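Look at the two complexes coming up: subunit A is in both, with subunit B in one and subunit C in the other.
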Partner chain A sequence: MDHIQLDTLYLPVITAIIFVPILAGIVLFIFPEKIKTVKGIISLIIAAPVLYFSYDIFAQKNMAGKVSLMDGITIKSQVINAWLEGVGKYTAINIDNLSKLITLLIGFFGLIIVIYSLVYINKAKGIRNYYPYVLITLGSSFGAVLADNLILFVIFWGILAITCYKLIKGYDEESSAAAKKTLVIIGASDGLMLLGIGIIWKISGSINMSELSITTTDAIRNLAFITLLIASFAKAGAIPFHTWIPDYVKKAPASSSAYLPASLDKLLGIYFLARICNDVFILNQWLTLVIIIIGVSTIIIAVMMALIQHNYKKLLGYHAVSQVGYMVTGLGLGTPLGIIGGLFHMMNHALYKSGLFLVAGSIEKRTGKEDLDDISGLSKAMPLTFLTGLVFALSISGIPPLNGFASKWTIYQGIIDFGKTPGVANQLWIIWLSLAVIGSALTLASFIKFISGAFLGRRREELKNVREVSIAMWFPKVVLALICVGFGVFATNFVIPKTFIPIAGDFQYVGAWNSTTISLLILISIVLGIIIYLAGNIKNFRVDDSFVGGETFREQTGFASTEFYKTISNYKLFSFIYRKAEEKWFDIYDLSKNIILWFNKKISLAHNGVLSNYAIWILAGLIIMLIFLI
Partner chain B sequence: MLKDLFYYLIYPGFLFVAVAGGLLSFFDRKITAWVQFRKGPPLLQPFYDFFKLLLVKETIIPAKGSRITFLLAPVFSLFGATVSSVLIFLPLLGIKTGFTGDVIVIFYLLTIPSLTYIIGALASGNPFASVGASREMKLVVSYELSFLLVLIALIIKSDMSISLYDIINAQQPANAFIGSISGVILFIVAIFCLQAKLGLVPFDMAEAETEITHGSFIEYSGSAYALIKLTKYIMLFTLPAFIIALFMRGINLEGIGILWAILKVLAVVLILTLIRNTNPRVRISQAMRFFFVWMNLLAIIAIVLIFFGY
Partner chain C sequence: MIMEPLIPLYVILPLGAAFLIPVIGRLIKGFQKTITSLVFLFLLGLSIKFIISGINEPLSYRIGGWEPVAGIPIAIYFILDGLSIFMLCIVNLIAFLSGFYAISYIKKFTAENNFYALFSLMVAGMNGVILTGDLFNLFVFLEIAVIASYALVAFGIEKEELEASFKYQVLGGLASLLILFSIGLLYWNTKTLNIADIATIVKTGAYNKILIFSQLVLLAGFGLKAAIIPFHAWLPDAHSSAPSPISSMLSGVLIKAIGIYAIIRLFFNMFAISHEVALTLTTLGVLSMVIGSLLAIGQWDIKRMLAYSSISQVGYIIMGIGIGLLILTTNGNKTIAALSIFGGLFHLVNHAVFKGLLFLSAGAVEHRTGIRDLNKLGGLSGKMPITSSSSLIASLAISGIPPFNGFFSKLVIIIAAIQGQFYWLAGIAIVISIITLAYFLKLQKNTFYGDVKNKIDNIKEVPFTMCFSMIVLAILCVCLSLLIIPGIREAVIEPVVNTLINKANYLLILSEI
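On to the complex of A and B.
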């Protein structure tokens, strides 16, 4: 490694971005709920320099290496020093190009969400202690990303599960159930991760990620890998551990959804996936196959569920799952192209999906409606929301030259490149590629439904007074949309070489895509189009009501966008699957709940209240214990 | 950059494909007229239509809808058609400089016209247009997979290369891809995908005149409709050219090669025209089943055949 050793001067900065937000969050608990705006502004004052410092860390090109958080502390007392040395082992942090990039992104989303929340959370009936939890989440995310020691990592990772639980408000049965489901799924996966960490410690005697390189040759090593895989899948939301996301985003405030499931959880989950796949473990070809199968099935299953949703937040939630499939597939490939595609897609997804949730939050705030059937024609009332929403929607659907296309295109190339080499999963590249591409077409289909349902068409009478949201709510969206366009336009000649090649290594493109040239051509085309319009007879225009086959236009006349894909769900096979999915047959949470309740019922049969029976149970237990102990 | 601009705007870009596409549209209409025992239009009729719409006809803008989106959608559809045509024609004509894009990029760019029709239709606020748009979207979803499988099969045939130059070159020494059994099967699938992409009968349910009075385009008139017409001309030339590049080892513009090139284009367009004139329109659910089950099955059979060397 030609990196210079991590400058200890940076240690205070690193410590600060982890602990200042956490401590500030704890202090903010003391402030009363009434001065929410003050709390928001304090959070803003904390989040802005944190972003600056995370950029500072990112910008230090040569800074990399390992350090312990305790290194900077020198104390005279021998006893304390010895103690610090012992603790220092468990506070190892690791800075490399990957963790630097994720750090920057976390800082960025933290600031964006705090700005958006200033107005969004104040007016709506907010969650208790919203800002403290946002700040604690911010600090813990930095901690989780920078931690090298798995114990330190799991502590921060666990805090995130709790803040995620607290950032949704339990105001009715459904929302409490959603919060509980989130906590149970993430908490259970964290428990599994602890098991995996235990196994790793047993096998290799070290729990620092940078020191590990475990081959997945026997069952116990595979088990360790799979437990960590499940933890990362539950966080990022890959099938079958995704079911908390649609429920969570339906009930949580849009800013919480944009913050955790849409951006930070994806960043962390995929970060951890990248770590365990590339650094901690050396995968065998069957594990690669499993990861890719989960990736592509996540893409297809979640997008098929998104197609039939009426609630626009839930629709976005299913897409937050579906897009994870691309990242998992890309990282599962294990080639530089695949890893770059997966990480690039992770970054892009965080950008446009948090943007989409902010759009959803704006619509909800101005209309108070959550169903696509109840809103329509908002494009004129909320032009900025519409424009940014359109950019995000086209971006997530992978329309060139936006950023979603650039990363999907990299993943597709990765898949084709992967198919050239021998291996079980490699031979099946045709299936992976077709499913990934058709998933992207279905994404487009369901976003056409979202855009047309919310923004296009005729505005309803009751929505006549809807206005654009205030600057604190549109500014974050505009920033995100501009970055989406910028990353798309400069994808091949700036973003990938500057940001991702340092992480994954150099590679050769299989295909060719001149993002900047073609983006320039779009500008020229628009000019050309306007010239053709002006050269033509456009000044001679007339505004008239639509022609509906000679009928008079009534308020109910229309074709609801939620009916668009009835044809698909009318096919017998799909209607069966959809019905079962609505009954939660495929929900791992409900399945395991049913199994546990079944066992509960069986065990409760023994509790019949007869004293002599209990005495026999106790005696039997004692005898069994004796047999085992002797 | 100036060279790129020339490629994009003049040759083989916008101007070239628009004129050639207009002439092909005449060919299509003339054949249709002969099939129906009519005399047919004069050679320049497509251009008369275009300029009449652009210069003479009044543009009616729907009162309740998103006007700017409605008017900008045709501009973007023109962009999609033009840029994909440039990316197809540069390799086809053997021009090695300038910007490039692989077949996956072309595949994505070719969906932009359909996408913009959908957005424009939805922006008009007309329920018939919404019906048309939803059908168009479902049609896109159904043929996308078949078309991709065709491309994948050809990528395998040309040794895993996804550049259009290499796919054309892979066919040069030996026979063209259409000369093998798998090639013929893939060609059939590709022709039906083209039919759907161009919105021709039997897959014109998105603009079914007799049923939903031109569906997606019901509200378009005047200049905006002129741009859509232009996009349709360009697509009528670009997509057959893409098929020629993929299956018939491109074209050769030396001496007698020019005649062959023209004949190849006319032959593909003739097939499309004959299919559209001899078939009734199908329902959207039938079209979806047709692509999802039968066309995909054919494409998969072809891929299996490729693995056995046919």
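On to the complex of A and C.
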């Protein structure tokens, strides 16, 4: 791609969208917690123009290229100039179609979350300095996406880990453990990235992503790739580095979950994956195979875990992992179709998953319950929440004509297309395809549980005072739901050609699919169905209580929809695996923790506090040194 | 050679304060606090002035004004070059902040005069070690510093403190013995005690087994002071038992001033180092780094955890410097060696700041709750916002999370290790950094997160002087990151690296004798 020189007029804008939110966040720290609403409104005042400017950057079709943040700064002082000499190289940023798209999405989610939080984050949720961290997250995400220099990227990446840690309130043992786990895993990925960056610097003499094109031919180059891959997996939440997400979302406020693990972390993780797979490294076929295997196993394993969850936030958390599998698979294919599918799915996922978390937050706000077993029949009480939740649920399950279907369909096509070319991973395309489709079916299965559990059935007695949430909380959901529908309906005519083809290149669909036509057909069939229903059946419709195995139906009985899924967890082989999973046998965090603590025990045994032993160590150390060197 | 009359102030002022405090402190209330704070603030300002004006060649001061006889230096020289001013700045910074912090903290002890007198004496010793150009004089100042620290560790005079101090004295005595023994050997071999003079003789001398022997004995002795594994066993007890401002001095600067500084100064500027010794030093550094952190992660006492973590972080510093030394001894790329040494020194100043801060905030927690056991603490973030946020900043900094200073020094060390093709060391450094993150988050989780335990329900933030020191250090944790900027690095740390790499620079002090 030939770079057109970046218009210097835009440099201040770019600098501003990164640093204004960060600085505003830092300033907001100073103000007391009592004026939380004021802080929220200030955040809103900042987030809205930031969205406008990120759209502005996105809309400049011809603007692309590299520039250093320092170029825009002119300092009169000679001393400071001398100090800053040489910094420019480390502040390189890169604007291309991919980073422009992600920039827009970040700006969008930033605004949505701030609006939702205005009402949602009240005293009871009391996270200290919620808005400052939200703003710092916003600015740092822009920084990470636009950074070309890997060190600049890592810095922003690390700041995001800290804000993620601070956006969950550690009010009890479980939540503080979740916060700790989150920062350990993301921080570890940050550290590993340093190793990769060091190696890249060593072998290619540059750490600007746009200047790199590294072949993965020998062990050390593969190592560099794998460290960066782990970083992106840890952020996005692919197996086996996903385990922080379910714990985090279970305990964090829904707006934090919707903000970081559901949208921004996904955007950034997958963005970085796309960068390293397509720009920084040239993958060999074995690496492709590894990525695809991780992708499909993420889909299946996480959705299996989601099926048995009772806590609806945790259920959403496992889905947030499972969907990453599709993106990883799509990007792992490396073909234009696959990349488009992966990125499109990333965008769609951010839309519906943050929407789902906002739905979950609304339910929690009004009912105060976190378990699917404790809620039911909210559809009448919270109609907008129900409808938007339904759209999101259908979308994530890949039901046409919604956006989730459009992107999954693109990925399926990509896999079929991928099978036509030679390669190890290519030969096995049918396996990848079938697993991806099964994963989608299981997603539907678990979302039926969520929708029917929360919204359908008989409303419980204690929930009868539940009302719809206020406008600041339903408006973001409605916007997200409308976009979900819109992106689905206009996928092939508008969204893919306008947005994604400039990023990944043109391609030919394997199968025929025109989203708008199909949507029209679906719409017509639904309308016809309603007409038939109204015309013929309305009088004969019979209302009765549900059939509960012949027993008398008691008013207070509700169906715990989770019961239906016991079949899976009771199945012998699965029950064993599930039990082990609950005991954290497969959690990389707990595994490594146990290993390290084992070492710790062994070494601690030697430190028994006996002075003469310590003196002996010293002499022994001295003698060993002498023996070796003299 | 340029004479600089202000140099002796670094020793005279704290030493004078140490003697005046027991005398005048009885008569004038608050004298001890004021005088120590003023002295260290003044010395800090003086150091900053020297750094800003830039020291291109070493400045010196001849004690007693003794003229050299027949080209042989007789007087004891105080030498101020890039490395020493760098160390002095760190020492006096932490000394000022710890002393200021102690104003409120030490109220619970009875003998405030003794505390400040010992404190000043310890700093005088450290400043002396850093400045002196004479090997035996170095030993004397070292003893002044450590004997003051023995007393300070035992300051609480409970069973635990006395036991720790006793262990510290026995093992410290062993170290002094080794150091003195080695100095004796060197004197016997070279007939001089002036470091620069020894350096010229050692340089011309052929391979000498006695020299290697004395190098290793010195390494063991100073290694004990710096708490490098396997010479570390005294540290966890001593550093956790001392009053918190003292812990912060011990972990933050004492082990560096009399341990690492002495090793660096003697091994770079005095001895002609062989590859094997460089390898030994690096190995010891890596061992400390790994074992220290593996020990720290299982601790449930806040200050013990911090003490073990000091061992691990000292390992990083030694590793960075050791890699530089290895590259120099194999005639590798000097730029990479300089980068690696820069990383080590950068980590040294960073560690002084964040470990000092961590001990101060642990002290603040202990001050208010009286508890050091992580199992019994919890939920303090709401009650002590300043302590909790400064402790969090320090924890993230020491674990190498951007944008704090620890990240950048680790970055430099890792990049230098990879550039020098020590891939394994880079890998180990990263794994240890992850473990560090894990145990510091354990500390955060158990102290500041979670439920508020009943017993500690009724507490508030610590008084102003304690908060002030913690806030300043927390700000430094962020601002020291700026040292990574090439221009600032050249102005501040590059002179230090140059003193180490260009041995000839140090020998300049002999030039005009």
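By our rule, the second predicted complex is superposed on the first by the 581 of 630 C-alpha atoms of A that agree within 3 Å, B and C clash if a C-alpha of one lies under 4 Å from a C-alpha of the other, contacts with A are read in each partner's own complex, and residues count from 1 in each chain.
Criterion: contacts are C-beta pairs under 8 Å (C-beta built on N, C-alpha and C of every residue); 3 or more make two chains touch, one makes a residue touch a chain.
The model shown is predicted, which means the values in this text are computed figures rather than measured ones.
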item: Partner chain in contact with A:Ile603 - subunit B first, subunit C second, else both or neither; value: second
item: First, second, both or neither for A:Ile430, with subunit B first and subunit C second; value: first
item: Which superposed partner A:Gly198 touches (first subunit B, second subunit C, both, neither); value: second
item: First (subunit B), second (subunit C), both or neither touched by A:Gly86; value: second
item: Touched partner set for A:Glu173, first subunit B, second subunit C, both or neither; value: second
item: Contacts of A:Pro253 with subunit B and subunit C, given as first, second, both or neither; value: neither
item: Which superposed partner A:Ile524 touches (first subunit B, second subunit C, both, neither); value: first
item: Shared subunit A contacts, counted only where both subunit B and subunit C touch the same residue; value: none
item: Parts of subunit B lying in touch with subunit A, wherever the complex brings them together; value: 4-5, 8-9, 14, 54-66, 69, 71-72, 74-76, 78-79, 82-83, 99-105, 107-109, 111-112, 115, 118-119, 122-131, 133-134, 137-138, 140-141, 144-145, 148-149, 152, 155-156, 160-163, 213, 218-219, 222-224, 226-227, 284-285, 288-289, 303
item: Subunit A-facing residues of subunit C, complex; value: 166-167, 170-171, 174, 178, 209, 212-213, 216-217, 219-220, 223-224, 230-231, 233-234, 236-237, 276-277, 280, 291, 294-295, 297-298, 381-382, 385, 396, 399-403, 407, 410-411, 414-415, 417-419, 421, 423, 426-427, 430, 433-435, 437-438, 441-442, 444-445, 448-451, 485-488, 491
item: Residues of subunit A touching subunit B in the complex; value: 377, 379-380, 386, 398-400, 405, 409, 412-413, 416, 419-420, 430, 433-434, 437-438, 441-442, 444-445, 448, 451-452, 455-459, 510-514, 517-518, 521-522, 524-526, 528-530, 532-533, 535-538, 540-549, 557-559, 561, 563-565, 567-568, 570-571
item: In the complex with subunit C, residue positions of subunit A that touch it; value: 82-87, 128, 151, 154-159, 161-162, 170-173, 175-177, 179-180, 183-184, 187-188, 190-192, 194-195, 197-199, 201-202, 220, 593, 596-597, 599-601, 603-604, 607, 609, 611, 613-615, 617-618, 620-622, 625-626, 628-630
